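Please find the structures below.
Shared between the two complexes below is subunit A, which has subunit B as its partner in the first and subunit C in the second.
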Partner chain A sequence: MDYLLSISTTGVIMGIIYALMALGLTLIYSILGIVNFAHGEFYMLGGYAAYLGLSALPGLHPLLIVPLAGLAGVLLGLIFELLFLRPIHQDRIDRPAEYAILVTFGLSFFFINLMLASLGPYPRRPPSFFSGTVDVGLMKISGDRLTASGFSLALVATLLVIINKTWIGKALRAVSQDKQAAAVVGIDALTMNSVAFAVGAGLAAVAGALLAPSFSVTPDVGAQPSIRSYIIIVLGGMGSIKGSILGGLIIGLVESLATGYFPDPTRALKYKTAFGLVIFMLVLLLRPRGLFGRKEE
Partner chain B sequence: MSTKRRNQRSLPGGFPRQVLQWAAVAILVIIALLVPTFLESYGLHVMIIAFWYAVLSSSWSLLAGYAGQFSFAHVAFTAIGAYTTGMLGMHFDWPPLVGIVSGVLMAGVVGLAIGALVLRFKPAYLALFTIAFSEILRLLIRGEPQLTRGDHGLRLDPLLRLDVTSRVPHYYIMLAILVGCLFLMHWLVSSRIGLFLRAIREDEEAAAARGVDVVRYKVFAFAITSMIAGLAGAFYGHYTTILSPNMLVLTQMGLVMSMAIIGGVENLIAAAFGGILIQVGLELLREFGPWRLVIFGALLMIMLRFARNGLLTPLFRLLFDHGPQAEMQEGTGAAAEEAAPVAEEVTADGA
Partner chain C sequence: MKSKSAFNLCLVVLVLSVLVVSCGPAPTPEVIRETVVVRETEEVIKEVEQEVVVTATPEPETEADTILIGGVGPLSAPGSYVSGIQMRQAMMMAVDEINEAGGILGKPVELVFGDTEGLPERGTAVTERLITQNRIVGLTGEYHSHVGLTVMEVAHKYGVPTVFAEPWADEITASGHTNIFRIAPSIEFYSSIATNYMVEAGWERIMFVVEDTDYGHLQAEGWVEQLEQAGITDVEVIYADPGTEDFTPILQRIQLDPPDLLAGVVTGIGNARMVRQACELGLAPTAETAYYASADAQYSDDFWENVGDCGQYVFFTFVGLPESVWNENTEAFVTNFEEIYEHTPGAPAMEAYDATYLLLQAIEDAGSTEPGAVIEALENIRMTGTLGEIWFEYTSDNPVPEDEPDWMWHQWLTPSVYIIQYTEVGQTLEEANVVFPMERATGPLYTSP
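Our next item is the complex of A and B:
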């Protein structure tokens, strides 16, 4: 029982961070109607931003670099959106669905190789937020991961407030529900697209900066978190904010429980992502709109 | 795009252009046959790998450019072909030739299954599903070293027990595979099947309404391109004699996609040349190290944004005034073409 409880706790702690990253993807999908296939690379760049920022400013507390890394993600996301995604919504691209997939995937290819070329394949690890571990039942959790999780929780809560209570949140929700009607009441969909993509990319960068001290950063580190985010948003229902938070927690729990109870522990770790992927394929095949997705039109 | 196509078809003449095309093909094949006389061993190795990429990029362009299925699992199918023959050789001592045939069949069977599963998916879901499939496969290969040797790498027998260092026979075999696959695919896309695939790509429901068996042709396209990828992979395995799960990383898929797109995703030959030229270009620019791929990534995005037909397709059009669509003269072709512009407007609103 104790074992189960401690495994579940670690699962939830990771799940919150997963949810943060998936939330960014959901925001982009619900406003722009596209899946950002470079989401993991914004995560990776966030990690590098934390590492580079802290090497440049050694006096800074490691936690303070996280918002800056997020800001870097926001800026990069904004530039990419303006250059490559805005034309979709100005009807200047034919076959927009495929274009969006390919161009975001192209961005991921570009970023991976850019970091590989400039910093090499070696893992980089920014300094810890807090050293030491915290006992959770039978398991020890590092202070870094707990900090990351707490920070994510606060950020998710802030986002929920912004989306539900503020004007810009209302405008975002309006665009996600009905572009034409939103335009009628004077909401500029193009601006909302940029806001959503920039914020979504920023959230991934924050997640990357938060987890960099725990897992270190390499140019290809984004693949696992981005695939995990795809799983989460499909499980939660594409475009559903509630779904991506719950989906994040579920995937955190599933990974942790499946790894904890898998008969062969050496293999269990290698299959950590695969457990989520199996859920993913089942959801896609049996209930493609996920837990809270809108019904396909 | 479809208006452009119609203009081309209405251009007068056809016979001299065809002669020109076949002459170009003949010259290229002769040059390709003579390559071993002026390239040394390492150059031949580069060409063999370039041909392998060309098979992958052209078959992916058949799947994506013609059938409209932007799969991210294409490299996974080449790995299925390679690992099937490799594992049969390691565990049961099957000879490479039997292994290659089994690899092709295995890729076909899995391709059939995946093709049937993703049939109804919208593009984003299809992309997500195929990424998941490819990633599960990679994790399985890494996670089951007693079957696949995992990260240690799976050793394969050299083909026909040839000396690994003798590049010339391998060069000709890979060239034959490339030319054979291109002929097969060219025949496919200029037959009624290709016509149906393009009709489905432009508007699935309109095509179905006109009596095209959408299910059959989409699944068929997925299976046949998977088999081609499997064949290329199986041969690649016996040529390099070592396989690792790294061949399945998504950046490999990204490379194949850039080759097809930079060449021209809606033209098989252009996509194949994209594969050859980029692989050779990467070799020539070796001194720039990883920055080469950065440039290709940027080029890929710019091409997508500003030149959807790729770099080579417009060049081909200029030379031969020829697209793969040039042969569309049958009645159904015209009908599907007429339906296409309407369909595009509808999808532009709905998607």
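Our next item is the complex of A and C:
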């Protein structure tokens, strides 16, 4: 029982952080209608921003660098959206779907090689938020991981409130449902595109900054989180915010529980990603639009 | 709709790729056969003839103004690019030093480096390009064994003298190819050092978490076999992807019945992650469970930055000379490397540096770039490098005896392999204890928490 509790706790903690990462991707997809293939690189940049920020400001508490890293992600996302994605929505691109894939892939390669050239291939790790471990029953949880999941939970809750209760949240939802109808009531879809992409990139950067003390950061560190985020958003239903949150928790739990209980322990860790993919495929077989996906008109 | 379809297509490809990689066996070199359908028309026959000219064995450029050598290694993911980049830097350093001293055969030397990305197919393509297009006269480098095996076959096809710096697979030299030499330890030799140490330390229950690559598999297989021969049979091997972020679930499982020794043989960023996570769970290193890390722990600055206090009492295998037995070449190399690249060189850098010198020294000794002459010079070479005195015991004149393993062919038989333990937080590689082999030890066999 203690073991089950330990394994489940590990899964939930990771699931919350997965959800934060996937939420940014969902926000971008639901508003802009594109998949950001550079999402993992915003995660990576968040980690580097935390590392560089704390190197430059050694007296700063490591937790305070997280919002700054998020802000850096927001700014970068905003610049990229204005320069490269806005033309899609101004009908200046002939093949917008292909363009969006290529331009976000291009951004991904650019960021990876930029960091490789500027900071080298060596893993970097910012200082811990809180060193040491916290005892939860028989289990020890690192202070960094607990902080990261707590911060993520608070951020997800805040985001839900903003999306459901504020004008900008309603405007974002309106654009995601029907751009023309939103325009009729005075919502500028182009501005909402920028807001969504910037916030999505910022969320990925926050996730990167939160996990950097636990997992360290290298130029290619974004690959796994981004693949996992794509799985989560499809599992939860493309464009569904609650689907992303639930999807993140499911993947986190499944990965942890399956690794902990798979009959062959020698292969349990190796198949960790595959366990999540099995659930993903089962859900898609039974419910092709994902857990909370909207029906295509 | 359109963007969703395109995304779904990408996702299906992505998912299938991940599944194949996750569930498949370790990558092994494959032979690719191409079938070309040629219509018998005059026009097409001309094209085929042109192609034959392009892919034919290149003529050596006897009149070249520059001695062009090739280097291969991983500079990007999924390869171990931390080591690959250091290898290229070390090769460039060797070439620069030689050029400053007047070059080889009175000509300047140029290094053309190919990024193999840790992928066998890239290794094949890059080596083909270096040989047929760049027209290199010798080849060196490579880090990954599974890439080294494909590079070896291409180099052998064209008869290019090749000195491998880092791949460990026994098959590299066991191939018996006349143009292939290696200064890295063979996996059998490398594994035996750690095995002997584990036996000496008296650990009886051993758990290996190894990356699912040639590096992990070759070592794990070697250890299991050698430990069994030594009477230690309670050994388990768990495989992991090198990019694994979170080892916690499997470590929690291991914690249900902790072993005497937990070995985390994962390269790159995974090494530090596993050390931290095992330590944070209170699993290892502890008084009950020792911790053996991958060779990446040798990069002491990065290691401590990424593992913090958790690195204390961790030990690992190191290929190269610890400071207590440095020669003047090692001293000069480390000093210059740190000055130029602002980073401590690891063993792959030293091996790449020595391999480059060895190849160029052989060309100088041969008095020509003619492959046969260079190979003969390599068979007779004896050079003091950063890793010690290097020579090849078993050659055309002195074949491998029948009772010795085949990998001893064109293999430097006495590379330095040590077990090092960090006993204090923040120790440099030079400050850490050499704990095995015992005759070279600078500290106790094992310091327990």
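The definition used in the following text is that the second predicted complex is superposed on the first by the 279 of 297 C-alpha atoms of A that agree within 3 Å, B and C clash if a C-alpha of one lies under 4 Å from a C-alpha of the other, contacts with A are read in each partner's own complex, and residues count from 1 in each chain.
As a convention for this text, contacts are C-beta pairs under 8 Å (C-beta built on N, C-alpha and C of every residue); 3 or more make two chains touch, one makes a residue touch a chain.
If you're wondering where the values come from, they're calculated on a predicted model, not measured in any experiment.
When both complexes are overlaid on subunit A, subunit B and subunit C end up clashing with each other.
In the superposed model, A:D220 makes contact with both subunit B and subunit C. When both complexes are overlaid on chain A, the residue A:Y3 reaches subunit C alone and has no touch with subunit B. In the superposition on chain A, A:Y271 makes contact with both subunit B and subunit C.
Touch criterion met: A:F280 reaches subunit B and subunit C at once. In the superposition on chain A, A:V234 contacts both subunit B and subunit C.
Of the two partner chains placed by superposition, A:H39 touches none, neither subunit B nor subunit C. When the shared chain is aligned, subunit B comes close enough to touch A:V103, but subunit C does not.
Overlay on chain A, subunit B versus subunit C, candidates 1-9, 19-27, 55-63 or 145-153: the clashing stretch is 145-153. Looking at subunit A, you'll find residues 33-35, 37, 96-98, 100-101, 116, 220, 223, 227, 230-231, 234, 238, 267, 270-271, 273-274, 277, 280-281 touch subunit B in one structure and subunit C in the other. Residues of subunit B touching subunit A in their complex: 1, 64, 68, 70, 72, 117, 121-125, 127-129, 131-133, 135-136, 139-140, 142-143, 249-251, 254-255, 257-258, 261, 289-291, 293-294, 296-298, 300-301, 304-305, 308, 344, 347-348, 351. Of all the residues in subunit A, the ones that touch subunit B in their complex are 33-35, 37, 83-84, 87, 91, 93-103, 105-114, 116-117, 220, 223, 227, 230-231, 234, 238, 267, 270-271, 273-274, 277-278, 280-281, 284-285, 288. Only residues 1-7, 10-11, 14-15, 18-19, 22-23, 76-77, 81-82, 85, 209, 212, 236-241, 243-250, 252-253, 256, 268-269, 272-273, 276-277, 280-282, 299, 302, 305-306, 308, 343 of subunit C touch subunit A when the two sit together in their complex. Touching subunit C in their complex are the following residues of subunit A: 3, 6-7, 10-11, 14, 33-35, 37, 96-98, 100-101, 116, 120-125, 128, 131, 133, 139-140, 142, 211, 214-216, 218, 220-221, 223-225, 227, 230-231, 234, 238, 255-257, 259-260, 265-274, 277, 280-281, 296.
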